[in-house]
Every structure is written in structure tokens, then in C-alpha cells.
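Next come two complexes, and both contain chain A; in the first it sits with chain B, in the second with chain C.
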Partner chain A sequence: MTDETQDLPEGPDAAARPRVGVDEWVERVAGGSEAGWQGALRARLERVPLWSKPIAFVLPLGLFPFFTGSDYWMQVGIDTLLFMLLALGLNVAVGWAGLLDLGYIAFYGFGAYGFAFLASGHFGLHWDGQWVIPIVVAATVLLGFLVGLPSRRLVGDYLAIVTLFFLQLFLTILLNADRLSIPFKGQVDFTRGPNGISDVDQLTLFGWRLDSLDDYFYIALAAFALVFVGLAFVNDSRTGRAWRSLREDSLAAELMSMPVNRLKLLAFAFGAGVAGLAGTIFSASQGSVFPANFDVTALITLYAMVILGGFGSLSGVAVGAIVINLALELLRTPEKASWIFFGLLLLTLPFVIRPLGRWLAVAVGTVVFGFVVRALSEQFWERGVEGTTPGLARIDRIVDGWVLVPADPDGLAKVGYLTLVAGVLGLTLLKGWWRTAAFVPVLYLAACVWENVMVGQPAVARYILIGAMLVALMASRPQGLFGTARVEIV
Partner chain B sequence: MDWEKLVQIIVNGTTLGSVYALVALGFSMVYGILKLLNFAHGDVLMVGAFIGWGVLGRLGGSLDPTVPVVLLIALMMVASMIGGGFLGVAIERFAYRPLRNAPRIAPLISALGVSFFLQNTVLLLWGADFRSYDTFDLVDPFTGLHVGVLNVWIIRLVVIASAFTMMLGLYALVKKTKLGKAMQATAFDREAAAMMGIDVDKVIVKTFFIGSALAGAAGVLVGLVFGQINHFMGFNYGLKGFTAAVVGGIGSIPGAMFGGLFIGLAEAFAAGYISNTFKDVIVFSILIAVMILRPSGLFGKAAVSKV
Partner chain C sequence: MAKLLELKRISKAFGGLQVIDGLDLHVDEGEIVSVIGPNGAGKTTLFNLITGVYRPDGGEILLENRSLVGLPPHQITRLGVARTFQTLRLFLNMTVKENVMAAAYGRTNAGVLRSILRTPGQRREEREINELAEEKLAFFGQRLMGYRWDQPAYSLSYANRRRLEIARATATGARVLLLDEPAAGMNPKETHEITELIAKLRTDGGYTILVIEHDMHVVEGISDRVVALDHGVKIAEGTFDEVATSPRVVEAYLGTKATATK
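Up next, the complex of A and B:
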């Protein structure tokens, strides 16, 4: 076998890919599939003992509340932890079992609403947390099981559409079940529709009432640590290996007498249970739940986290959740959005334009190019420099003297934006020095578009960046930051 | 028995169904050739609707069009078909082609990313407001067919007629032309088709162009009949269009037409006789039932997986 593969002509990136026909496990054990310092780093990371990974997350996060006094940052911290939990759960279905579950966020919503039903003034039930959480988690597992049932007969893409439809239905019910007519009882307000349930109790565990954000932060952290350790054990167990075999080739797995259907259902149920747990904590910590918390936007954000971190890697998806959630949060505030945007550009470009010398040339070239264009514009097209950017960060003030800011950019903004998209796409077609040279005007255009159009609506712009990131990641590094490269069976 | 209501529901369902059928065709063609679920397809419809709206605005708007109404509608359709087609080609070139040999999950994620990108781009540049074609100002709501209990607004007739013309045209294209045969061959076995001298990449590009042009046209039809468009409309039509494609049998053109009409009528009947808010529940139940009872759809052939 090896003789044959060596005779094949090797592509330019042969070293970066796993060898054809080599099992994932063999590949990993035989040594990193990547060359250079990245491969060495990965090999290093893989030799780290299992127990040290949760500690590496829990210790710094556990210290976080001591360094921040503001409620806002505590809230962001809780959000981040909940997303980390969700990412772990989604990783079970998508990363391990290879089931593209696009209804995942509905399980989160189910958990959150489940808690709100059993512990709020809505139905007048005020149960204690130690009862509500197991009940809700069990119910979510059951729901995951039910949604998974049709999946037994569906290959990947059909499953995706069924689960997406399920999410849509879940949202429809949340939004419209506020005036259900039930026989003998008349109209019943079941979910309060778009207004959500806003008088959810605080979490009470064995008589201990969680009433500060710090408490919720630690509860979420404890849940994360528990789930992380639990899933790490599951991953190393028989079931974990069976899931991965299912992901690699479900037909082969079935031939090896794996109970494929049961494994799929199990993966669905596991993932759903984790989402249900996260939902209960979400509900209690927010004190309110709204249908808008569980829409497609949240779903795609969650997918972006798992994909950036890398399918199949527990610590990877957790890191992905931290990075994406923090970036999204900072991008939302006009005072910080520009820092994140230009920071991201600076961070990612060295990976796109290599070697470092070229990157430096592009950076200097862009700055010079900007000043030249600006000077030309002052001479021949005064309107182009008359406006000011709507950005509020200090960097916006600095950049303001460098980019073109027309007084009334409305029509130009659209042209500029579409040109930028065309420019970025065009870049992928170019090679060598042409590409490097083309980076200069495109980067400058990106800065102009950001300062004119996007910085004014950072809440929308951030999702555009997420969408673009998903496409770019899939084309360049589908395994994300920490995932292992998939072996395609040919 | 309220005959007028029944007839109205059938007319509504057929209109809705012909739009779904157009969307389903695009889905079905792309799925047949690439085995890829193009989540961005619904958003191509949305962009098509916005292109039509832009053309309408340029030509004086609904109240005061500068060209005859028939020409105006034709121009809107042509512009959105060309725009949608090129958008589809660009999506294929930049989002899917690099992933031709990647694991199957990769293009699906990429498609989600494209969909999210398109939605938010339109949201950024055009805002979140619902836009209206104001078709009632353009065409008097009382013109049309009036026979007994049958009252059909002329725009509905236009929508149904143009959808069916396009579908028949597509059917003829696939069955009679060389390109159509190449498409069938590529869908059947891509590698074998390539070995037989078919330029597979070109066929895929053309398939995307045609499918997306149909979606763009469907966007204008939606705008004409249902009035309001916004950046998120593509999601619903994409979902229903895919359901229609699956119900009809994915990869089959008559199946997509039938599936579209079936889903459209089912939705209209559910909305008319059961509950407007929960009509999606019924469509979803149909989807689940078809998938469990006959996974290859009503018109599709059972897939044989090669080992």
C-alpha cells in the first residue's frame, strides 16, 4: 500500500494533508499530519494529559470575576460560558457523530422555556432548581431522541433540512402559542408569544438561592467543567469511538456490526441534553426568555464557534466559543468595533500573505496608497473627503484622515461595498506577486467601506464577517484551529 | 360548503405552489448534480426580489411607471433572472468549487455562511424594512378572470403562467438539448461523464446559472403577488422549496413541479381550513411522512448507494 501511494505525484500541499487511505487514528498516532511549527505544536498539545485541559479552562475563568467589577462583563462571561457549553454539546452531534443538526438551538430554547415554565410566575409554579434541572434535561434528551428518530433513515443533507424545519417549527410555536384554544379550558396563554416570559425565578439549589451574577458564573463554569470531563470520558469510550467511525463512514461502521441507528439517536440525545442544561442556566441567569434568543442567527453563530475551534476537539470548540463570543460582543459596541476590525485584519493577514516580508510590503504599501489617494481626492474630488466617519473609537479618529469619507455616502456606499466583495473574491483568483499587489487597493477599500458603511451598523457588520469567515474557513482550513484534518475515504 | 372560499384557496395554493416549484427546481438541479444542499438558494430568491424592486424604482415605481406595465414586469423578470443567475455562478465559483472533493459537511457549512452573508449584506445596505412592490397600484385588483365563483386577479394568472412556461422550457432544455443531456449525464455519474468528454465544471456552472435564474424570477413573482419583501424572506421560501423538492423526489423535474404545487396547495388548505399560524406544522408533517414512507420522494428513483 505504501509503495503505491509513494509513486503518486504529490500536490504542493501534500505535507499538509493526511495521506490518502490512512485511517484517522493511525494518522494521529503515527505523528502529526502537519509540517512545521504548527504540526509540532499540535503534536505537543496532544501529549498533554487529559486532566490538564479542563483545568486550563477552569482556572483562568474561575479567576475572571475577581478582575472585573462590572455587571456588563460578568454578563458577557456567563454568555460565553453558556456558548462554550452549547459548543461542547453541538460537537457531540456534528463533530463526533457527523450529524448536521441545524435544529440544535431549539434544544437550548426548549431547556430555557422548560425552566421558565416550571419556575416562574407564568404558571405559578416555583419549583426548586435541583428538581427542575434534571426534569428539564431529561425532557430535552427525550425531545432530542424524538427529533433524531426520522434521522435514522436520512443521510446528512436531508437530516439538515429536517432539523432546520424543526427549529422553524419550534420558533413558530414559541411565537404563536400565546392564544391556544384547548378543549374545555378555552384560550390558554402557553408561551406569551413574542413578549417572552420575563418573571423567571432565580435558581435555587437545595435551599441555596443564586442571586448574584457571580453565582451564576460559577454555576455555569461548574456545568462546563462537568460536561467537559464527562464528554472527554465518553469520547475515549467505546461509544465515542463508535461515533467517530460513524462519522468517517457509516456504511463501513454498519458492516462492522455497529448499531448505527442507536448511535445516531444517542448522539442526538447527548447533544440535546447538554443544550437543555445550558438553557436552564440561561433562563435563570437572565430572568427572562424570548423567542428571539433562539433564532437562526444564534444557530449560525454557534456553528461559527464550533467550526472556528475545530469539529471534534473539545478544547477547540471551547476556545472557538470564547473567541467568537468576545469578538461579537466587542464588535457590537461602536466604541470598540473598529479596534476589533483592524485588529482582526492585522492578525489574520500574516497567515494569508506569506512570507512576512510580503506582508510588511503590503502593510506599508496600503498606508502609502491611502495617503496618495486621499491627497489626489483633495485635489480633484473634494466631496470624497468632506464627511466624517460615524465610528466612535479613537482609532476611527486616526483613520479618518486616511480613508475617503464622502459627505453623503449612501449610493457610493453600496457601490463601494459591492466592489469590495468583488475585489476580495478576485483576490482568490490571483497568484504570486499579482495577488500581493492587488491586496493593497483591496485593503484600502476595505478600510474605507468599514469606516463609511459598516462601523455605523456594527450589529449587522459582525454577522457579515461571520458569514464570510465560515466560507473562507471551509475553503482554507475546514478543520478549524484545533480540529484534526478529516480523512476522506476514496 | 363555501365554494367561493374553496376556489380561492385552490387559486392561492396554485400561485404559491408555482413559486415553490420554481425554487424546488433550482434545488433539485443543483442537488442532482453536486449532491449539495444549497442553503443559499432561498437567498438568491431574496436578492432577485430586491433586483426586481430596484428596477421597478428606476422605472418610475408602481404609481407612475415610465414604460408599459407588461414591459415593466418583463424587464423586472429579466433583470432578476440575469442577476440571480450570475449570483448563483459566483456562489458556485467561490464557495463550492474549492470544496468539490472536501467532506460533505464542508460545502453545507459554506452554504450556510453564504446565506448568512447575503442576508446581512442586504440588511446592511438596504435596511430591515419591508419593501413593497405595490402591485395593486400597478395593476387594478379587479382586472382578471371572473367566471361564476372563480375570481382570479390577472397578476396571479401571470405568475402561474410564467412559472409554468419556465418549467416547461427547462424540461425541454433538459430533455432535448445537448446541454440537458450533459446535465443528466453529470448528475448520473460525474466521473464517468468527465471521462466521456463532458466538461463537468462548465455543466455545473450552467446548472447553477439556470437554477439561480429561476430563483431570481421566483423572487420577482413573490414580490408581485405577495407584495412585501425583506432580507429574511429567502429562508422561508428556501425551506418550502426544498421540502417541495424532497416530496416530489429530488433530482426529478416533474417531481419538483408536482412537489411545489402539492406543498403550495397543502399550505393554502391548512391556512384556510385549519390554522394560519400553524400551517408550517402541516407542511412539516408532510415532509416527515414522505421521508419516512418514501424517502426517494413521490417521483424519484430509490437511491442505490455504491460501496
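Up next, the complex of A and C:
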């Protein structure tokens, strides 16, 4: 048994030796994708001290009320801030601790109803905000603990199912606890069922009554900034590192002296507390709470925000909340919906069709294809161009001469819609130039379907659009806008 | 020398399979003990029993005369036994330094509230964790230094990942290190390095080490004592030469003459 290392020939001089296997690979994986101005920007951003990061949000958002006079947009602003707050909280459980919590929105509802119970005419309690908010947040944290208890041993899909069940349970209670039978007291109306509680007090903090939307906006903004800084600090502490460790490998974390079960509960409760806080502000700013505010749709919207922004990044999830909430809001109004639709198409397609040359070919091809189809239709199928699109935006007037709009759009709508779905499915099967070529008719069909039906009811179509946007983003950047690319197994 | 870690008549069965069967083992303070044996002999199960991943069916595990049986793994690590894994289990998407810093969890105590408020005590503790991580990483010479601190662990080479696992285990503050095949998958040069490193862990770091290893060069180079396992039973114990020439060990690795020539 000779020592093999002794027998090895002398290596070449260290300087002359190629550096294969030392750093090249690292550079390629970690540095390569971040090279150029993006890498420099990211490196610069990482040097910014933690506490100053929310300033990037707080400054522009703080000026927002000065630029909008309408109550509607103030309401949208408050809504967006609340979603940003929720996204921060969800990021604790899902982004850091890796616990797929599908019941998260229930904590939001619990906070909102908690405030409504303690400060409304429903039970005749009109407590001040400075008492209600800590009590409700503490109660939500406790609820987070309780939900977390049976979930400790569950991971991944199993935890997701249990927490989703918890959300449904919560909604069922909200809807049906308007006629609870309590011994010796008879029937008690606990939640007012589907009618919700609609006489919630305005928030009063130490004698200051918040009675305008601007006040609520700034309160929500302050809450966001505080939670952002607090969470950024926690992320950079031993607790934050332990959360991320257990996301990476919970057995290794346990064996490296981290009490995994306790940390999971803590993450659950922490996220829940943030949701509870958001809930109290929601409740007070709306003046009413309904079970429908906390259903699965809200949950999916919240997840879309966090996925778009990038799990694990506080700034990312906040940006995601702004983008999605604004897009959903703008899509509600037909005048703006078309701009978003065509804008999204133009913005996301370069990610899906690469390189840029192909994308240009598709864009030009689609425009030409449209005029050809339109010309053919005028020759052989005159009914196909008799109608006008119901769209109201200027862009609708522009594309009106390009898409097919029959006098009775219903027929084309139904066939077109199904064909579109089939076409998109077909796209996923094709490769290379076939795929590029197939984009042309599919895009044209999408424009036709949009102009014929969807533009008339963008409030319905908007979720489809947001979904399509997410799919396109996930295909090109699975970690979300601001997330860090994760490696599962190497 | 005092017995630091002592196992008395440890048993563990998975269903009908007796993986560890009445095993006695002890590691003295400052000693390096190697556990060898063919695949399936129960070596990794032994580590899992000591660190609390599994609970033994019977027997006693003592660290400085304190029983470890029934304690959760994180508590056992806090008491002073940390390990590495045969199949690497790093926190791949965290940076090299964070991997080591995370392992200091058990020896620090700033709570969430103190972290949110950034109290002076918490900041001092953070600085200490930082210094601790840098010190532990510096143990490996230039291998895990400088720009590597801020790289994600997945970008490390295989050998460096093994080193990082050892660094992480030392950061827990443990006095006993259980190394599960530290030289697996390494080339001869790296194997030689890891042999020296384990020796250095004892002399400079003051660790007591129990190591599972298949590479006999490593075992020969580092061990004060070698324990050979087969089917969960200790078949030989002693110096490397004694164990390597023991007929039962040869039989376990190569089979008996009759079966070998069949």
C-alpha cells in the first residue's frame, strides 16, 4: 500500500497551468448571467444598507396622493399597499422558510374580522385602534401557531393541502356563523354570514381619527415600511439564516443545531401576524368586511404577485404586488384594457420568441398576415368585416381595420376562443421555425378574440391575461423579476 | 484518557433487519477513531443513532456521562456532537459564509424581537457569528477564503463542498466531530489533503473525531484506533495494522476462501 500522492508526477508551474476546474465554472454559473450592467447594478444594490431599501418604495409612494385627486385611485393605492404588506408576510413562510402556506389569506381575513368585532356596531364594541391592532395581531400570531402545530411534520404538497383546507374552514365559518347556537343564549349572530359586517369604525390612534383615504394610505405605507425594515433585519439575523437553512435542507438544519419545528412555527406565526396587521387596516379603511374579500381568488392573486416579483426577495414581492394590482385595476376599465393587452403582448413576446430577429419576423409577419386575411375576407366573406369592435381605446380604432370583426361577433368569438386555446397548446408542441411561424396566426387570432369579445368585458378577461403574463415570465425567468435563481440539485 | 463519547450495547432494527446489534464503542477525548466495514455494515446508521436522527431500540449513548438517547438532534448538536453527511447536505442556495454562520444558531441566543430592534447585544452577537464563520473557514487555508465567502454553496467544487460541510460542523461549537466518508469522491491529492486536515482538526482545533472512511490510506494515516463493523456487529478493534490483518475483517471484505473460490 504505497501512498499514491507520492507517486504523482510533478505538476506544471502554477502560473502556466490552465485554471480549468477552479473558477471558470463558478464564473459561468454565478457571474455569467449577471455580467454587464445588470450584474453591476445588482452588485451596487447589494451594497445599499438594509434599512434604506424601503426608501425606494416609500418616497414615490408617499408622493402618490399629491398626484391623484380621485378617491378611486386612492382606494387602489391603499389596496396595493395592503397587498404589498401581505406579500411581505407570505414571503416569510414561503420564500424563506419554504413552507407552502395556501391558507395565508385566512390570517388576513382573521385580522380584518378581528378588527370588525372589536370596533364596530356589531357587538357594540368601539375600542381604540391602539388597543385593537396589538390585540388582533397577537391573536393572529396565536392562530398562526395553532395552524402551524399540526403542520409541523408536513412539507410541500401535504402542507399546502392542509393549509388550503384551513382557508376553506375559515370561509365556511365566516359564511355560516350567523346563527350559532350557544347554550343558554340561543342563536347568536357571530359573523353576519355572507352579508358581512358593514358598520366598522374608523381607525382611531391615540385620539387621532383617521377619516380620509389619505390617512389610511399613509398608515398603510408606514406599516409597510416598518414591516419591510423589520423583516429585512430578521432575514439578516440568526433566525433568518435558520429559516433559509430549513428551506434548503431541514434535516441538515436540525443537525446543525437549529430547532426546525420551532422555527417553522415561528415563520408561520410571523407571516400570520403581518397578515393580521394588514387585515386591521383593510377593515378600517373599507369600513366593512365580507367573506368574499378573503376567498381563493385573493389567495391566487397574492401568490401571482409573489411569484412575479420573486420569492425570497422583499423588494421583489413588493414590486410584484404593485405590478399585478395595477394591471388588474387598469384592466378593469375598457379604455385602458386594450393598451395593456397589446402592451403585454409586445413586452412578453421577446422573452418567448428569441432571438430578437425572430421576434421582429413574427411581429411583421403578424401585421402582414392580418391585412392579407382581412383583404381575403373582403373578397370572399364580407360578413367577416361588417362589424366594429366594442373597444373604446384609440388603439382599438387603429386595429379595427386589421382584425376580423363580424356583424354578430358571438359565433366567431366561440369558435375563435376554442381555436386560440388549441393554437396555444399547439405552440408548446412545436419547435424551431415551425414554432415561430405558428406564432403568426395564433397572435392574429388572439387579437381577433380580444377585439371581438374580451375587450367588452375586460374584468373577466384580466385573470386570463395576468395568467398568460405569468406563464411567459416563468418560461424565461423562473425565479421571478427580483428573485435569485435557485439550484435544487447539482 | 477520559471517555468523551460512549455507546453501550446499542441496538437498532429496521423491521426485521438488525442494523446495529449490541454495539459497544467509545471515543476518548482527543482521539481519532475510524469506523470501517463493507457497505450495509451499519456505519451511517451508527452516526444517525448518535446524532439523534434515529432512536436506538436499546442501549445507552453517553456524552461525558450524559445520556443523549431521546434528545432531539438539534439539542445533541448543542451538547457537542456535530456531523457531516456522506451524501452532502449543504444549504446550497445560501452563500458559503452563511452556511457556516447558520450553524452557529445553537450557540447564540438573540431572539426575533431583538433582531428586529437591532439591539446592541444582538449586533455584537452578529459580529461574533461573523468572526466565528471567518475563523472556521480560514481553517481550510485558501480553499474557502476571500471571494468565495459570498458565492452560493452550489458553485463550489465537490471537494470544497466537503470542506464546507466540515467548517459548518465545527461552527456549531461541537467538541466531537462525526465525519461520514470525508474523502469520498476526492482525487488522490485531495484525499491526501483531507488526511492532513483531519489531523490538523485534532491538533489545532482540539476536536475529538469519529470518522467513517473507505479509503484505507486515510484510515491508516489518521486513526489512533480502528473499529470494524459487519452486519451491525463489531468484528475487530485496535490499531490499523491489527484490524487490517484480522481474519474476520478480511473475511468481511473479501468473503471466506470457500465462497471466494466458488
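Throughout what follows, the second predicted complex is superposed on the first by the 428 of 490 C-alpha atoms of A that agree within 3 Å, B and C clash if a C-alpha of one lies under 4 Å from a C-alpha of the other, contacts with A are read in each partner's own complex, and residues count from 1 in each chain.
Simple rule for what comes next: a residue touches a chain if its C-beta (ideal position, glycine included) is under 8 Å from a C-beta of that chain, and two chains touch if they have at least 3 such contacts.
Quick caveat, the model's predicted, so the values are computed rather than measured.
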item: First (chain B), second (chain C), both or neither touched by A:428; value: first
item: First (chain B), second (chain C), both or neither touched by A:251; value: both
item: Chain B versus chain C as contact partner of A:164, first or second or both or neither; value: first
item: Partner chain(s) touched by A:259 [first = chain B, second = chain C, both, neither]; value: second
item: Partner chain in contact with A:307 - chain B first, chain C second, else both or neither; value: first
item: First, second, both or neither for A:463, with chain B first and chain C second; value: first
item: First (chain B), second (chain C), both or neither touched by A:234; value: second
item: Common ground on chain A, meaning residues reached by chain C in one complex and by chain B in the other; value: 251, 486, 488
item: Chain A - residues contacting chain B, complex; value: 94, 98, 100, 102, 150, 153-154, 156-158, 160-162, 164-166, 168-169, 172, 176, 251, 296-297, 300, 303, 307, 311, 413-414, 417, 421, 425, 428, 453-454, 457, 460-461, 463-464, 466-471, 474-475, 478, 486, 488
item: In the complex with chain A, residue positions of chain B that touch it; value: 31, 35-37, 90, 94-95, 98-99, 101-110, 112-118, 120-121, 123-125, 235, 239, 242-243, 246, 277-278, 280-281, 284, 287-288, 291-292, 295, 305, 307
item: Chain A - residues contacting chain C, complex; value: 1, 3-5, 8, 21-22, 25-26, 29-30, 230, 233-234, 236-242, 244-245, 248-249, 251-260, 266, 270, 484, 486-488, 490
item: Residue ranges of chain C touching chain A (in the complex, touch as defined); value: 51, 53, 72-74, 77-78, 82-83, 85, 89-94, 98, 101-108, 110-112, 115-116, 118, 122, 125-126, 129, 151-152, 154-157, 168-169, 172-173, 188-189, 191-192, 216-217, 220
